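Multiple structures follow.
Here subunit A shows up in two complexes: once beside subunit B, once beside subunit C.
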Partner chain A sequence: MQRQEIVISGSGGQGVVLGGIIVAEAAAIYEDRFATHNQSYGPEARGGASKSEVIISDGAIHFPEVENPDILVALTQEAVDKFAGTVKPDGILITDTMVKKLPAKGEYKTYVLPIRATAEEVRGQIVTNMVTLGALVVITKIVGLEALKQAVLARIPKGTEAINMQALEAGMKIAEKEL
Partner chain B sequence: MSKREVRLMQGNEACAEAALYAGVKFFAGYPITPATEIMEILSRKLPQVGGVFLQMEDEISSMAAVIGASIGGLKSLTATSGPGFTLKQENIGYAAMVEIPCVIVDVQRGGPSTGLPTLPAQMDVMQARWGTHGDHPIVVLCPSTVYEYYTLTVQAVNFAEMLRTPVIVLSDAIVGHLREKVVLPELGELKIVNRKMTTVAPKDFLPYKADEDGVPPFVNYGTGYRYHITSNNHDEGGFPATNNHQIADSLLRRLHDKVEKRRSEIVITEEIMTEDADVIIFAYGCTARSAYSAVEEARKKGMKVGLIKALTLWPFPFEVLLKYSKQAKHVIVPEMNLGQLAGEVERTLKDCPVKVTRLNRIDGRMITPEQIVSTISEVI
Partner chain C sequence: MQRQEIVISGSGGQGVVLGGIIVAEAAAIYEDRFATHNQSYGPEARGGASKSEVIISDGAIHFPEVENPDILVALTQEAVDKFAGTVKPDGILITDTMVKKLPAKGEYKTYVLPIRATAEEVRGQIVTNMVTLGALVVITKIVGLEALKQAVLARIPKGTEAINMQALEAGMKIAEKEL
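This part shows the complex of A and B:
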């Protein structure tokens, strides 16, 4: 597979950094491909915009930054406003139904999903990243589902397996409806 | 089955793990972005291996604590970023003068002063070389990948122990925070060097009497050997010799010679697709990653471009540049500063028919492969 670049963006507390790490680990450890993960955040400790950059490739990854992602997940209005313009023409934008002002229709494909509302139903904001990953994998197949599940289980605290898997599957379900 | 572990690892985490691998048993520091992870990890892990972790009141005292612990016999390391690195400089000079092994990791961010606290830069290249006063020797290693961050941290500890001198690991906010796939070396796979201990009896011991290799054998302080340490110019007994020109000259020359004697071991570079290159990119740290991608791009377009990656910045690796001084027509030096290492490249090639072109970026963002490719197109 060619180099694929994914950006997951939202606000602090939604777990976008951990979400990105899990995708990268799914590819690097459980599918034996190359992956990098980069995070950026403002100087503030909580709140504010938060972003995970993941690159997955079958070859070594040198330049580690994402300028024009193939896939953008933008969970907040701020993230959409900031990053939607960077998506590649043949790319994918996955955003949330709570985002009221969508960008003017680009060449890329847009999916608007109730990610945040689903997370609230399952457990609350804390599982937003799991719902996101479920939806992301169904739509983009960027990593295999099995690899993703293994990566999730390796990262989450013991005793939270059931709730995280439930959130992951809820995310898959809302995405399957859109395919 | 191989015991090698495959991990998605952050650069700073690799540095901390490598310190443990190399046998570091003491860390003192003061938190600062983008270096804090090294300290956080070692605060948890050092006590588990019988080591000591100290958070000090500032960077000056933490450098002093690192030197003290090393005098006592522990392999010692600290980690910081630009502003903290500045504060450590006085004591780094002390360590160079009194020949105490120690490793200082500087995860570079944008400066000067507190500058761009969360953003990458390569602005401490000259601070790493000349940040402390006096004509001191220094070794500076510079990783561009998470794996190199691991191996070079091990090397830094080794070189410090071998040479009895401070060694700098000069990383940056990109390599420090990047997570990438690494296959970690097994225990025993990388060479570990321990400082050379004296074999003479306490009555015959002269703390600064060097062996052939220019390095005096060590004793741990407080083990029954008379051992005086002063940062003044000193004789072999370790006592001040501040008016003795001959001792002043021979001491300082020995400090440099002990590094120069091991030059071939210390100077580490990598040559990538350079065999037929007309254009050479000379790069280091995170910028070497952009340069690697740029070389791949340029090759696709049929341009004969190669990369020299400097993993050792000081002593400056002039040999590898001279090797290509007849073959290459152009050398491009991309750096996230206004040309700190480019000056050394120009100095090395001043009598050669090679044109050196600088490519500089100082806005807190990486130089992109596209920028380097377009510079290549401009020069050829």
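This part shows the complex of A and C:
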């Protein structure tokens, strides 16, 4: 696999930043590849838009900026409106069933999954990132499941392992139905 | 204040990545400025070297990469060896008393503080980032103390507020002695 660019976007409180970090660390620390993680905050961060960029590569990464993601996760209408137009033609868009206005069918592949509703069922908005990661790994295989689980466990507070793993697996399940 | 570039570097387990995120969020979310946070992981991430880059600016940030930090925090000998040469001539290096080989006196200002020993006293390696942030804000005033505290409280697990605030304040104290 060559360089892969992933953007995870949503709103504050969904754990988008941590989600991106976990993907990058799964690749770099547990799979010995190269990865970068980046986010930019403008004054709109206060409002709640959130975007996390990850690049994974088998070689050193010299340009750590994402212009056209291979994979875009967009959890809100705002995120879809802002970023769906940037996805590579042969890329993947993963979005949420709560997003009502999807972009006109592009060349990329689109998956519409009940990520946010599943998070609410498991625990609440706070585990949205875990449901997202579970779905992401099933659809894109961007990192291995074992690496992902290790990276999750290294980043979450002690005592929250069970609920986070439950959310991750719920995300995997909703994605498996779409394959 | 124009653009300011900050690098926090150390080893895994010191919370360097979260430390960088908190500084960026303090500036962007609680002070309405612009900020980016970036980290790159190579296969050496497994070994434990860790580096977190933050840029804070009053205007939009078009080049989110740090080449020559205005402020470098280097918590280990390896971090000092790798990055001290990149600090801007009028910049600031904050390092730890456990670092035995300091670089030849450059044009930048150097502060040597017992950050790691203080973290050990308060709770252990895991609060190194909080001690670091306390020292950083006293020496550089890169973000306001109130914004920093709010950003910390938004990012740490519930139930750990008291110990993290204690570590932050311990970091402020060791820095105040050096002013």
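Here is the rule we go by: the second predicted complex is superposed on the first by the 175 of 179 C-alpha atoms of A that agree within 3 Å, B and C clash if a C-alpha of one lies under 4 Å from a C-alpha of the other, contacts with A are read in each partner's own complex, and residues count from 1 in each chain.
Everything below uses one rule, namely that a contact is a pair of C-beta atoms (placed from the backbone, for glycine too) under 8 Å apart; a residue touches a chain by one contact, two chains touch by 3 or more.
Being a predicted model, the structure only gives us computed values, none of them experimental.
Enquirer: Are subunit B and subunit C a fit on subunit A, or do they clash, once the structures share the same frame?
Expert: clash
Enquirer: Thinking of the overlay built on chain A, is A:H62 touched by subunit B (first), by subunit C (second), by both, or by neither?
Expert: In the superposed model, A:H62 contacts subunit B only, not subunit C.
Enquirer: Please work out whether A:Q125 is in contact with subunit B alone, subunit C alone, both, or neither, and reply first, second, both or neither.
Expert: neither
Enquirer: Which partner chains sit in contact with A:H37 here, subunit B, subunit C, both or neither? Use first/second/both/neither.
Expert: both
Enquirer: Of subunit B and subunit C, which one touches more residues of subunit A?
Expert: Looking at subunit A, the partner in contact with more of its residues is C.
Enquirer: Return first, second, both or neither, reflecting whether A:T110 touches subunit B, subunit C, both chains, or no partner chain.
Expert: neither
Enquirer: Once the structures are superposed on A, label A:T86 by its partner contacts, choosing first (subunit B), second (subunit C), both or neither.
Expert: neither
Enquirer: With both complexes superposed on chain A, which partner does A:V17 reach: first (subunit B), second (subunit C), both or neither?
Expert: Touch status of A:V17: second partner only.
Enquirer: Looking at the overlay, does A:P157 come into contact with subunit B only (first), subunit C only (second), both, or neither?
Expert: In the superposition, A:P157 touches subunit C alone.
Enquirer: Using the touch definition from the top, say if A:A28 reaches subunit B (first), subunit C (second), both or neither.
Expert: both
Enquirer: Pick out the stretch of subunit B that clashes with subunit C after the overlay, from 3-11, 219-227, 255-263 or 273-281.
Expert: 3-11
Enquirer: Of all the subunit A residues, which ones make contact with subunit B and with subunit C?
Expert: Residues 21, 24-25, 28-29, 34-43, 61, 64-65, which sit in both footprints.
Enquirer: In the complex of these two chains, what residues of subunit B are touching subunit A?
Expert: Listed in rising order, the residues of subunit B that touch subunit A are 6-8, 117-118, 174, 177-181, 286, 289-290, 292-293, 296, 366, 368-369.
Enquirer: Can you tell me which positions in subunit C touch subunit A when the two form their complex?
Expert: The contact residues of subunit C facing subunit A are 17, 21, 24-25, 27-29, 32-43, 45-46, 60-61, 64-65, 157, 160.
Enquirer: Provide the residue numbers of subunit A that touch subunit B in the complex, in ascending order.
Expert: It comes out as residues 21, 24-25, 28-29, 34-43, 61-65, 67.
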